[in-house]
Structures are given as structure tokens and as C-alpha cells.
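Structures given as C-alpha cells follow.
Note that chain A is present in both complexes that follow, paired respectively with chain B and with chain C.
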Partner chain A sequence: MTREGWIRLAVVAALVALLEALCRGGVIPRTVLLAPSDMAVSLWQILREGQHNTDIVSTFRNVALSSALSVTLGFALGVVIHALPRLRATIEPLLASYYAVPTFMFYPVFIVVFGVNAAAIIAIAVLLSIVAMVTSTLTGLDRIPAVLRKTARVYRMSFAKRALLIDLPAAAPHLFTGAKLAFAYAFIGVIASEFILSGQGVGYAIAYAYNNFDNRTMYGLMLLVILAAVTANTALDVIDRRLQTRLRR
Partner chain B sequence: MRRLGDFILLVAGIVVAWQGLHWLAGDVALTSPWRTLLRLGALMQSETFWGHVAETGRAFAAAVAISLAGGVGIGTLLGLSRTSAIVSEPVLLALYSLPKVTLYPLVLLCFGLGISAKIAFGAMHGLIPVAIFTMKAILQIKPVYWRTARALRLTPRQVALTVALPAVLPEVLSGARLGFSLSLLGVLIGEMFASKRGLGFLITNAMGLGDIATIMAVALFISVFAIAANAALLALERTVHR
Partner chain C sequence: MRAPAEIHARLTGVTRVYDLPGGAKLHAMGPLDLALARGEFFAVVGPSGCGKSTLLDVLAGLAPPSAGEATFEGKPVDGVPDGIGVVFQEDASFSWLNVRDNVAFGLRRAGTDAAEVTRRVDYALGFMGLNDFAGAYPAQLSGGMRQRVCIARTLVLQPRLILLDEPFGALDQQTRLLMGDELLRLWRETGATVLLITHALDEAAMLSDRVGVMSARPGVFIDVVETGWPRQRDSRIVSDPRFGGITARLWDKLRVESLKIMGGAKP
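Right after this comes the complex of A and B.
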């Protein structure tokens, strides 16, 4: 690990220790925040006893489904839009200001259309994450070096061969960035919609525990979400950085 | 002129798609553009609607102010040394991509039910992108600027105002634009979960009643505001870039 990596670890560890000390010392009352060690114990119990297993499975299934949908549909849409410059020029402002609109407020519409179930959650998560994939696909296709296209022509590659052997690998780093963003947004979308209104899932379980003053369960599950999100996003980020450096070579 | 034409085409396209979806899904699921406009017109004539707007506006303004001041402050502190920037960047990115809704109960327990919880939650969303952009902007100031400032024997105050500020302004504005949209999202989600006032509450309340026209009307109102504000900030960014 680099020197900065060690410092980072030390800083995070020190902050957690400080929080632990503040909670144990009674500066932060137990009714507001549990000590980090208590959260870990609670999470361990939740996982061992398995009372929230269905929630956990349903959340991760929804996240996986909606990111997969966003990545495939977003890629396909990106390819189509890239092939039609006139269409692209027209919808460019829409793509640019898409994330300025709090799309999440359309969740109630999906609730009315699909009812309170996984379909509504997946629909809003896809809506939140798909545009990140579309824009990344467009950037990736734009940045394919002209020389690669020329090489393909010199080799008289067929369209399919060129797409598979030249275009896809050349655009891959950008596509991966898109997939990374799509995953992060889908995760946020799923947890947020479960939290606001649903009958299942980790977000729902946290909101339920909050409404019942069950701080132990609430903080245990919160720790689970934080750990899952940080681990997954950091792993994707590390791969993304490697691909980006390869791009610069 | 071409851009104006494109814009009109885009709006027309959205309205047509909306109308098409309305025919597909039926009146219960999705109100038509025209009926949504009528509903919004009716809402805008009622006093209670503007009360909700004022409540959300107050919370949002405070959240944006905290995001900007705090984000620029934190970003400046972390950006002053290369080590602190490298140490903190992954942490900030992890915080950025965290589903912050999970932390909302914690915010509620700290601030209680009321406007301060909404402000804190909005600021949590907006602060981090502003900090990340500010930090990166300061790191990327060209070393030759510092050398020039030294050669001209500028005072620290002059360095800050005439060298550093103009150099970081475009990036900071991009961060502010992102922080602006995310604060709005944060405030609205806060209102949707636990509140008795504000536009977010209006939406969840309408959801409970199955009143799709109100949901669409409020969503349209917020979208138009968000897009207009975003366009204004983009235009400001472009003038600064020049």
C-alpha cells in the first residue's frame, strides 16, 4: 500500500475510534447514535439469525437487475443515438440537464402504475441510472482514435469484425465508467425507493426499524448498506482507474 | 436559430412521448400533458401550494448556502497539500456514491422532525461534490501561476484574489451546479420521508390518495425550476470559462 493509503486508513480508523469514545463516554446519547462496535455486533446478529435475509436478498437482486438493465439498455440506446447525429444534436440538452432534475420524485408515478412491488423499484432505479450509461457510451464511441478505424479499413474488416475487435475494446474503459456510475445510481435508487415506500428490502427494514424506535436493528442494517456500497464502489473505482491509465498509455 | 429550433423540437418530442404513454397507460396511471398543466394552474392559484413552495424553498436555500460555503471551505483546506488531497479523494468519492437515504434516520434523530433535518440532509447531498471539485481545482492550478505571483511579490491577499480565485472559479462553478441539483434532491427526499410540509410532502401525500394529477403537476413544477436553474448556471459557467 502507498504512504497515502496508510494515512487514509489511519485517519478513518481514528475517526471511528473517536466516534466510539464519544458514544461510550456518553457525549452522544445512545438514543441518537450507537457506538460503531455495537453496530457491528448488531449486524453480526442480524446476519447470523437471518431474520432479514429475505430483505437483503431482495435488495441485492433489485440492484443487480436494475444495473444490468441500465447497462444493456443504456449501451444500446447510446449506440443508436451515436449513429444518428441529427437526433443526438436535438436531445443533447436533455442528456446534459437530466441529472439536474430530481428524477426520484417520479417514484410515486411508478407506484401507481405497477403497485407497491419490485417492478416499481426497478423502474425508478433504471430511470436514475440509464442516462449515465448512455452518456458514457457516447463519449466512448466519440473517443475511438481515427487511426484505429483506418487500420480496420486497411485490413478490410467486416462491420461485425470491426465492432467486435476495434470499437468495443477501444471504447471499453469509458463503457466501464458508465457501468460503474450506473451501479452506484441504481444502488441509491433501490435503497431510496425501498425507504420511501415498499414492503420489502433493506431500505424498508431500516425505515420500519426507525418508525419502531428499534435503533439496534436500524444501525446494524445501516452499517450493512454502508459497507456494501463502499466495498462495491471502491472495487469498481479501482478497476476504473486501471482502465483509465491504460487509456493514457 | 438552429438551437432554438432543436429545443422546440425536443420539447415537442417530450410532449408527444408523454401523450403516447398516457394513451398506453390510461388516465389512472399517467395524466395527459394538458390535464397536468390544468392541475398545475389550479394548484398555483391556491394559497396552500405557495406555502409548500416557500417551505421547500427556504430549506433548499439554506442547504445550498451550507453546501457552497462548507464545500468550498473543506475543498480549499484539503486541496492546499497534495498529500491531504490524495488521502481524502477516495473517501470523498465513497461518501458521494453512498445511498445517503439510509443515513436519514440518523439526521432525524440528531435534528428532530422539522426544517433543520431537511436542511442538514440537503447539505449532506450537496456539500461533497462541491468539496471534490474545489479540491481538484486548487490542485490543478498551474505551478507557473504561483511562480509569477512570487516574482511579482504579491501579498497573500492579492494571490488569493487575483491568481487563485480566477484560476479555480470555472471548476468550482461546475461543482456548485452539481451541488445545487443534489441539494434539491436531498431536501425533496427528506420531505418525502418525514415531513408535513413542502413539495416532497405534497407528492407523497398525493401518492397516498392515488392523486396522479397532483404528483405529475408538482413534478413538472420542480422539473421546470431545476432545468431553468441548471441552464442559468451553465450559461454563467460558459461566461467564466471565456
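Right after this comes the complex of A and C.
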């Protein structure tokens, strides 16, 4: 790990220790916040006893499906938009301001269309995350050096071969960044949607525990969400950095 | 211009006109004639924007001429012909492949059998001094090393005509001189015909059998200088008393053309 990484870890550990001390010393009441160690114990019990296994599996399945759909559809859309300059000129300003629109407000529409089920959650998560992949695809394709395309012509490569052997690997760092962002947005989209339009999932279970004053379960599940998001994002970030280092021009 | 005995590649009345937005046209180059003898080293110098790279693109089959004809080994150039290798000024190494895979890329695409790929790649890596970097990625190499990778990638395909578009343009002077030596060695060992586009007069004078000087746009050849160097030569030739005379003659011609570009100042 780098020196910066150790410092980052030390800062997080210090904050957790401070929180633990404030909770244990009674400065923060237990009705407001559990001590981090209690959260960890609660999470361990949740996982050991398995009472929320269905919720956990449902959430992770929805995140995986939403991410896969966003990356696939976002990449395909990006390629099409990149190939059609007039369409791009029309759409690009809309893409730039896309995240100014609170997409969650469309949840009643998705309930009407899909019903209260996983499809509505996945639709919202995809809506939230797909544009990150579209814009990253456009950036990646824009940044392919012209000389590589010339080189492909020297090798007399067909369009398909060039796309596969030159364009795709050359754009890979940007595509991976898009996939990483799409995953993060999909995670947020799924958890947030489960709060408002689901009968299962980790988001739903947190809301249910909150409504029933079950702080131990609520904080245990919140810790699970944080750990899952941080672990996945850190892993993706490591791959992303390696790609950027190896492929930077 | 001297007509070489055995013509390897030829441009006859080649003109290149670009269509600009709004219906305007840009006459970039020509009409221009050039005959490259088999195995000769020909350099092209000229002021910026005179169409040097366009000339290379037409000969490589990367751009069709607006008028005239390009031929390679007696056949009209239509698309990139087999037997032509091109090295560009920009870094064209594949950053996602290590040096060995970069160099092997063209051979594998051509379906060359694995043993032959290994043999030729090993030779090219050794020839270009890249043996110790076979497993490295381009991002881990200097600009000069990356350009060597690109030259090695071209070399393994054993092209009969090598087209170089300012391949050392981004390198410092010492590296350029040393790369020039390697290029001369490559030229001697392969027997290929070489066309070098460069803006560096000393590079053109040191490396070439003949140097063509192009006019300001639309570029045509206004002079072709025979250097008279022996085939066995290297960068130490810059200390030859005749070297200064050659570069001076090139500069005399080029200065006038460069001034035209800089607002028509009188020579």
C-alpha cells in the first residue's frame, strides 16, 4: 500500500475509534447511534443467523443485473451515438445535464409500468447509471489516437477487426471508468429504490427496522451496505488504476 | 530528376486536393513526379504544410490522389499494398500490449506460424536493442524506445518499401542521431527502399542517397540533391566536410519556401 493509502486508513480508523469512544462514553446516546463495534456484532449476527439472506441476495442480484444492463446498453448506445454525429450534436447537451434531473421522481411511472417488483427497481437503477457508461464510451472512442486508426489501415484490418483489436483496447481505460461509475450509481439506485418501492431487499429491511425502532438491525445492515460498496469500489478502483497506468499514452 | 535504373515505386503527376467545409478546396500537393529506385534511401524535406505527409499517404495507399497515379512494384496503389511498412511520427505503439506482443502483432494477424513469429520477433527485438524490454509495456518506455517498438513492428513484416513520416520528430537530437544509425543499419541489412519524410535537414543529409526539397503549398519538388554517401555510413558522417555543403544547399532552397509561408517575406 502507498503512504497515502496508510494515511487514509489511519484517518478512517481514528474516526471509527472516536465514534466508538463517543458512543461508549455516553456522549452519543444508543438510541441515536450504535457504537461501531456493536454495529459489527449486529452484522455478524445477521449474517450468522441468516434472517436477511433473502434481502441480501435480492439486493446484490439487482445491483449485478442493473450494472450489467447499464454497461451493456450504455456501451451500445455510446457506440451508436458516436457513429452518428448529428444525433450526438442533438443528444450531448441533454446528457451533460442529465444528472441535474432527480430520476427517482419517476418511480410512480415505473410502478405503473412494471408493478412493485424487482423490474421497477432495476429500471430506476439503470436509468440512474446508464448515462455514466454512455458518456464514458463517447469519451473513450473520442480519445483513440488517429494514428492507431491509420495503423489499422496499414494492417488492412476490416472494420470489425479494427473495432475488436484496436478501438476496444484503446478505449478500455475510459470504458472501465464508465463501468465503475455505472456500478456505483446502480448500487445507489437499487438501495434507494428498495426504500420506497419494494417488499424485500437490504434497503427495504433497513427502512423496516427503522420504522420498528430496531436500531441493531438497522445499523448492522447499514454497515453491510457500506462494507459492500467500499469493498467493491476499492477493488474496481485498483483495477482502474492499473489499467490507467498501463495504458496511459 | 535522375531516372533510377530499376524503379520500385513511382508517383506520376500526383495531385491532392482536399474539400473544405463550405465548398472550398485546398490544393495541398502536386502535380508531382517521383521515382524511387529499388533499395535507395530517399528523404523529403519541405516547409510546414507543403504536403510531405500527404505524399507519403498517397504512396502508402492511405489517401487516393486527386489526379495522377502512384505505383508500387509496377502496380497501381489502391489501398495499402502488400510489402509496404509505415512508421508514423506519433506514438503508434499499442499501449495494451507488451513490447513482444506489439512487435508480433502484424505477423499474428497475417497467420504466420508460431515458430516463425518467435524467430522474427526475437531478431527484431535484438536488432532494435529491445531484448531487455520484451515484457515491458509502452507506458514504461521512453519516447525513443516506443518509436523503436514501432520500427521493430514494421521490420518483422519484412517490407520492401519502408515509409517513415518524421519518425524521430519527437526525440531529442542525440537520440535522433543514434536512431538514424539504427535506421541506416536496418536499411543496409534488409535492402528495403526507404522514403523518409523529415523537417530536419541534417537528418535528411545524413541518412539519404537523395533528398527531395518540396516547395511551399501546393508542394512540388523544386530540387533533388544527390548526397553521394557510401552505403556503409553512420552518424559520424556529419563531420565530413561535404556534409555542410549538402545541408547548405538544402537550406538555400528551403529558406525561400519557408519565407513564403511566413507571410511572403523577401529572401
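Please note the rule applied: the second predicted complex is superposed on the first by the 247 of 249 C-alpha atoms of A that agree within 3 Å, B and C clash if a C-alpha of one lies under 4 Å from a C-alpha of the other, contacts with A are read in each partner's own complex, and residues count from 1 in each chain.
Going forward, a residue touches a chain if its C-beta (ideal position, glycine included) is under 8 Å from a C-beta of that chain, and two chains touch if they have at least 3 such contacts.
Just so it is clear, the model here is predicted, and its values are computed rather than measured.
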{"item": "Three-chain arrangement built on chain A, chain B and chain C clash or fit", "value": "fit"}
{"item": "Vertex chain A, arms to chain B and chain C (CA centres, degrees, nearest 10)", "value": "100"}
{"item": "Touched partner set for A:V109, first chain B, second chain C, both or neither", "value": "first"}
{"item": "Touching partner for A:I91 - first (chain B), second (chain C), both, neither", "value": "first"}
{"item": "Chain B versus chain C as contact partner of A:I206, first or second or both or neither", "value": "first"}
{"item": "Touching partner for A:L33 - first (chain B), second (chain C), both, neither", "value": "first"}
{"item": "First (chain B), second (chain C), both or neither touched by A:A68", "value": "neither"}
{"item": "Partner chain in contact with A:R156 - chain B first, chain C second, else both or neither", "value": "second"}
{"item": "Touch count on chain A, higher of chain B and chain C", "value": "B"}
{"item": "Smallest separation of CA atoms, chain C relative to chain B, angstrom", "value": "15"}
{"item": "Doubly contacted residues of chain A, that is, touched by chain B and again by chain C", "value": "none"}
{"item": "Residues on chain A engaged by chain B in the complex (per definition of touch)", "value": "4, 7-8, 11-12, 31-33, 89-91, 93-94, 96-97, 99-102, 104-106, 108-109, 111-113, 184, 187-188, 190-192, 195-197, 203, 206-207, 210, 218, 221-222, 225-226, 229-230, 233-234, 237"}
{"item": "Residue numbers on chain C that touch chain A, as the complex places them", "value": "60, 62, 79-80, 84-86, 88, 90-92, 94-96, 105-106, 109, 137-139"}
{"item": "Residues of chain A touching chain C in the complex", "value": "145-148, 150-151, 153-157, 161, 165-166, 169-170, 172, 245-249"}
{"item": "Sites on chain B touched by chain A in the complex", "value": "6-7, 9-10, 13-14, 25, 28-30, 83, 86-88, 90-91, 93-94, 97-106, 108-110, 177, 180-181, 184-185, 188-189, 192-193, 200, 203-204, 206-207, 210, 212, 215-216, 218-219, 222-223, 226-227, 229-231, 234"}
